[in-house]
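In the two complexes below, chain A is the common chain; its partner is chain B in one and chain C in the other.
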Partner chain A sequence: MGRYLLRRFATNAILVMIAASLAYMLAATTMNPRGAYEGRQPPVAEAVVDATLDEYNLNDKTPVFQRYVTWASGVVTGDFGRTWNGGSVNEEMGRRIGVSLRLLFIGTVVGFVLGVGLGAYSAVRQYRFSDRLIGVGSFVIMAIPVFVLATLLAIATYSLNRGLGFTLIEYTGEYNPKLSGWDQFFNRLNHLILPTISLSLGSIAFYSRIQRNMMLDVLNQDFVRTAMAKGLRRRTALFKHALRTALIPAATYFAFAFGTMLTGATFTEKIFAWHGMGAWLVDSINQNDVNAVAAVSLFASLCVLVASFLSDLLVAALDPRVRVN
Partner chain B sequence: MSILEVRDLTVTFPGDIQAVRGVSYEVSRGEVLGIVGESGSGKSVTSLAVMGLLPQNAEVSGSVMLHGQELVGVDESELTRVRGKSISMIFQDPLSAFTPVYTIGDQIAEAVRVHQKLGKDKAAQRAVELLDLVGIPHPNVRAKAFPHEFSGGMRQRAMIAMAIANDPDLLICDEPTTALDVTIQAQVLEVLKTAQRETGAGIVMITHDLGVIAGMADRVLVMYAGKPVEQGAVDDIYYRPRMPYTMGLLASIPRIDGAEGPLVPIEGTPPSPAALPPGCPFAPRCPMRIDVCEEEEPPLVAIGGGRQVACLRSNEIEYKGLTGEDVFPVPDIPPSEVVRVPRDERATVLELTDLVRHFPLMKGAVFKRRVGTVHAVDGISFDIAEGETLALVGESGCGKTTTLQQIMQLAAPQSGRVVVLGRDSAQLDRSARKALRADLQIVFQDPMAALDPRMPVGDIIAEPLRAHGHTNVKGRVAELLELVGLAPEYAARYPQHFSGGQRQRIGIARALALDPKLLVLDEPVSALDVSIQAGVVNLLEELKNTLGLSYLFVAHDLAVVRHLADRVAVMYLGRIAEIGAVENVYDRPAHPYTQALLSAIPLPDPEMERTRKRILLEGDLPSPADPPSGCRFRTRCPKFARLGEAERQRCVDEEPRVDRLANAVDHGAACHYAEQIEVIPASEDQEEK
Partner chain C sequence: MRSKVVLGRLLRNKQARYGCIALILLVALAYIGPFIGAYEWTDKDFRAFLSAPSADHWWGTTSIGQDMYAVTLRGMQKSIIIGLLVALISTALAAVVGAFAGYFGGRIDRLLMWGVDLLLVLPSFLIIAIISPRLKGGSWLWFVVLLAAFAWMITSRVVRSMTLSLREREYVLAAVYMGIPRWKIIFRHILPNLSSLLIIDATLNVSGAVIGEAALSFFGFGIQPPDVSLGTLIAEGSRNATGYPWLFAFPAGLLVVLVLSINLIGDGLRDALDPGSNS
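Here is the complex of A and B:
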């Protein structure tokens, strides 16, 4: 089992390398950092621009492969290079990574737990009103793009706050820098509410649909009946035997769902004015910032592959048939 | 005193589907009540209703009294106190009846802890004891195994262990051995008897297998269309049935003890529970019906001797001493022309010589490497003469299906030779192979899965004709439908409109479309109910005789084989253990495996079942990836166990070949110490001959 996971881990590491390299190549060939220096008044001499770009490893006159080698050897030692105007990508990333991870982690956990719970409940109540309500709700949410959803949420909160006359739920920013101590902590939590909702609603809808199907498959299985025949209550049998077994397939979707989550995070950060990795990606594309784009891409691929590794772990933990072989 | 008393139990599902319509019975301590009936007769629903395990949309009325306590309509907490404690249930399919993600030991311990205040380790200890009781070797190790690591027979033993964990007063067994092979079935039935002795519980045994009931039950309840139609002591029901349905059911079973002549089929199919006929539900299929039968449903009335019958003409049946053979029309099957020619002078339609099929056992996800070999078929030889039926029998995993696949592929085998109608399969080119396929057709086991649900029946049958470029397809389809006993108008309907037996007939019509010479039948009747099965078996026999077909018949039901086959080959772990004419192999089996197999089959005859001695085999089939050296059967062989040290050595070192037995024309066995013995008691009708 340990060897199996180790092998999966090695494959994942190679995949991260390939994904990051491709992302760098794409950014380096299509973006034009020179543009930022060319249109200036007074004009900057070409030699000066070249020298600056060379220093940041952004000069389009250097062959792309050579730039890639420079970039890659930096990345291997932990140096992600410079931004378009000479700032350190590492420093910027250090500031932003925690912001994004907090959002992604909470969003994923909330989405998975609530989605699986709603799906299982919906299956048990098949064709009842609550099942239909959850079903319709899920499809409506899945049909709304995350940026529309986030905007709608922000507008609704704004009107709510105005109606109440004070700010019940924060709808912009990450925290209030004027506060300190516990106040600061609760303020951070308050700021988290809206982005978390907008980010996890999609995955709640997604997981609930999957889990409902899995659960329905399992509900008619003989072993649930056996559990009740032993003398377990229906609720216990459903929870301990049915849901436990039906969780296995949902865990494999974990990796896939994480990709959508990253996309969602980009919009959510932008809309709620969080300075995370997603917002940075949008900004750096606007600024033709090759190294920053490459760094965010690397971060994203790392996240996806960690998620897939976690889903392997989860499946192995849940399913003895995988573990024993 | 009775433990369980069921009164007027009815179960209705949404859409006014009356699955159970008034069932009453009692079970006393230590008594075994057998409930028989075909699929859809309501026998399983009845027992689930007793347990309160039906889906919530089922409407249950009537009364179920357990030790005088009412169970119908009580709330869940009262039911959970009874379930698994006073009443336990054993389900049909032991694979799906265990939760795949918990160990067997944990699941049994859970059953213990639900009802007894025991610590975790004490309960685990008790689980190990229970596994030991039901005969699981190394119970303390096996308790930590997951369900998928158990074989089918072992799982059913574990299921029994779980059911008796709390010393129940009543065990409900719902088709407990239907999913198992015969030798394993014999083991499990023994375990069930042990369990009953240990707990002194009453047993409700639900099954469609009249042989199992004959050996186990004290009393029998026969169900039809959701209602009991006859009830009484086991001997009365089997020897003196008073209701035409019971009579037909008993007459339709093929007998392993060699009664000849066509089987007695019951025409038609059971009524749908959503659309019951107004009178007696059996009337449309009953040859004894009179006008009154179609007007009013006859009630179940006591006729003395603790018996109850629901038939208006039961007195007449008793008075005249009628049996199923007297009442039901027996079809007349014309004899075969071909068999008059001696076997040696007939052409050989199929010949296998040392056929081998090994599958590599691979490991690894990206870089696969070979870690072993599954010896699925390991050198088998047999031949089929024109107009002959050879049956290939054996338990799951013995290589029957692989052999079929190798023949049907019409390609060069890994080793050995397959000669179909005089043509070596290794030397066929594409067009010759296609042409030969017309002469070699197959009928599949599952008639539900073998027909495309989105294709009209006419097109299904026409497909092989079109593929081989025939014209006048329509006329031929009509002809074929008539040949298998279906109306030509059915060509426009879809498979879903047909019952299982009718679908199997459609499958046979498709196989016959191209006028084949050799038909491969892969368990053609094992998915059908007995009364339907008889009709299909008769049809196969008739077709063989009138069309001069040869059959290669694969089956695990040895009674059907005896009825249909001329010769039989018994397979064990990829090898042939015994081969020969049916009379020779069945009446004087020489290989210890054949002897055990035949003795394991329950006979639908209570008297014989009680007096019969069984040869029980130990353990499960060894893995075909690692077959024992020498004789493959020696690890389970009762004879090997009795041999002296020097004699045993030969079994370990030398693999026996199929040798012809000295005193028989067509009988060979692969055993160093072959010795013919009789294991099936001869039936009366054979003694008369």
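Here is the complex of A and C:
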């Protein structure tokens, strides 16, 4: 079992390295950091621009492969290089990574737990009103893209706050720098409400659909009937036997859904003015910031790796057949 | 004969029926609607900037005086075309890659599936966004190619696993013993037997592609001005959606209804083509 996980981990680590390298190559060949220096008034001498770009390892006159080697040897030692105007990518990333991880972690947990819960509940109540409601709701939500959902939430909150005359729910930014102590903590929580809803609603809908189908399959199987026949209460039989078995497919989808979650986080951060990694991706592409884009790509592929590793662990914990093989 | 049965089942399904009606109405609106409106999408009315919906401008006007009705329908045309093209290309790609990997097995299989894994590690949104600066000034068809190139991976895995069981069937073995080349067997015997899966997948890919296009255009990584799509219009509208709601409501509403109706049809198709499945 341990060896299986270790092997999966090793292959995934190699995949991440290759994916990050490819992303660097793509960014280095398609983006043009020189543009930011060329159009200036008064004009900057080409030699000066070259020297500056050389210093940041962004000069398009250097062959891509050579730039890649410089970048990769930096990354191996934990140095992600410089941004287009000479700032440190590491510092900027340090500021942003926590913001994104907090959002992603809470969004994933809320999405998975609520989605699985709703799906299982709706399977147990098949064809009742609550099942229909959850089904239609998740179908509609899956048709609404994150950026429309986030904008709708922002509009609704804006009108709500205006109607009330004070700010009940915050809809932009991550925290209020004027506050401190517990006030600051509660303010941060308040700022989290809308982004969490906007990020997790989609995955709640996604998981609830999968979970409902799987649970329906399992409910009619012999082992659940046996569990109840041997005297377990319905609740115990459903939780310990049915839900556990029906969770396996949702757990395997976990890695895949996380990629969607990353994309969703980009929109959520941008729309609610959070300065996280996703917002940085959009900004750095617009600024032709090669090293920042590469850093975000590495972060994204690492996140997917961790998610797929967690998904393997989860499946192994739930499914004894995987542990034996 | 089978298509008749499937069509009958599809139309008896209430959700699919609503989906079909909604989709036909939306396509009619996108392609016939512009002839009914008084303005072209390129027209600019310099007496009406950001005016609310009225008898003259049915859906209001934009900040440069464009008629929102005409612009939105133009954007919807583009979104529909992009969705259809991307779905066709990506499903075809998924079918070919998955079938070849599953049928040939061995080294080809490992190589192709490894490529699929690699593409799944990086979110496709990120890759397309990185490449997009190159496309500025290029044709929007490149954008279609990009969207399709990063949307086929998961389906190809399903196709592969189904091919693994199909290749042991008698009719496939019979074809092998008759000396038919293997690539021909794939196109003549394997893929037609996966057609239900592929049709369902292509339908659902249309809505995925419509959303993907809008998502990239939202950040300016997709369709470039002066051309419009639902994504660029929603991006424009969401900036001041509280002040000028009509700029946001019409394109966003149409996008959601479009995606919803395609998903309804896709789900209905799944029930009609593949009654045993439950996902």
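As a convention for this text, the second predicted complex is superposed on the first by the 325 of 325 C-alpha atoms of A that agree within 3 Å, B and C clash if a C-alpha of one lies under 4 Å from a C-alpha of the other, contacts with A are read in each partner's own complex, and residues count from 1 in each chain.
Please note the rule applied: a contact is a pair of C-beta atoms (placed from the backbone, for glycine too) under 8 Å apart; a residue touches a chain by one contact, two chains touch by 3 or more.
Keep in mind it's a predicted model, so treat the numbers as computed, not measured.
Steric overlap between chain B and chain C is absent once the structures are superposed on chain A; the two fit side by side.
In the superposition on chain A, contact of A:N213 is made with chain C only, not with chain B. Ranking chain B and chain C by residues of chain A touched puts C first. When both complexes are overlaid on chain A, the residue A:A229 reaches chain B alone and has no touch with chain C. Contacts of A:F256 after superposition on the shared chain: chain C is touched, whereas chain B is not. Centred on chain A, the angle reaching out to chain B and chain C in the chain A superposition, using CA centres, is 70 degrees in steps of 10. Of the two partner chains placed by superposition, only chain B is touched by A:Q221; chain C is not.
Once the two complexes are overlaid on the shared chain, A:R244 sits against chain B while remaining clear of chain C. In the superposition on chain A, A:M17 makes contact with neither chain B nor chain C. Touch criterion met: A:P145 reaches chain C, while chain B stays clear of it.
For the pair chain B and chain C, the model built by superposing on chain A gives 5 Å as the shortest CA-CA distance.
Overlap of the chain B and chain C contact sets on chain A: empty, with no shared residue. By the touch criterion stated above, chain A contacts chain C in their complex at residues 12, 15-16, 18-19, 22-23, 26-27, 30-32, 139-140, 142-148, 151-152, 154-155, 158-159, 210, 213, 216-217, 256, 259-260, 262-263, 266-267, 270-271, 281-282, 285-286, 288, 293, 296-297, 300-301, 304-305.
Taken in their complex, chain C has these residues touching chain A: 117-118, 120-123, 125-127, 129-134, 154, 207, 211, 214-215, 218-221, 234-235, 238, 241-242, 245, 248, 252, 255-256, 259-260, 263-264, 278-279. Taken in their complex, chain B has these residues touching chain A: 48, 51, 53, 76-77, 80-85, 88-89, 91-93, 96-103, 110-111, 114-115, 146, 148-149, 159, 162, 166, 365. Note for the complex: chain A touches chain B at residues 7, 221-223, 225-234, 241, 244-245, 248, 318-321, 324.
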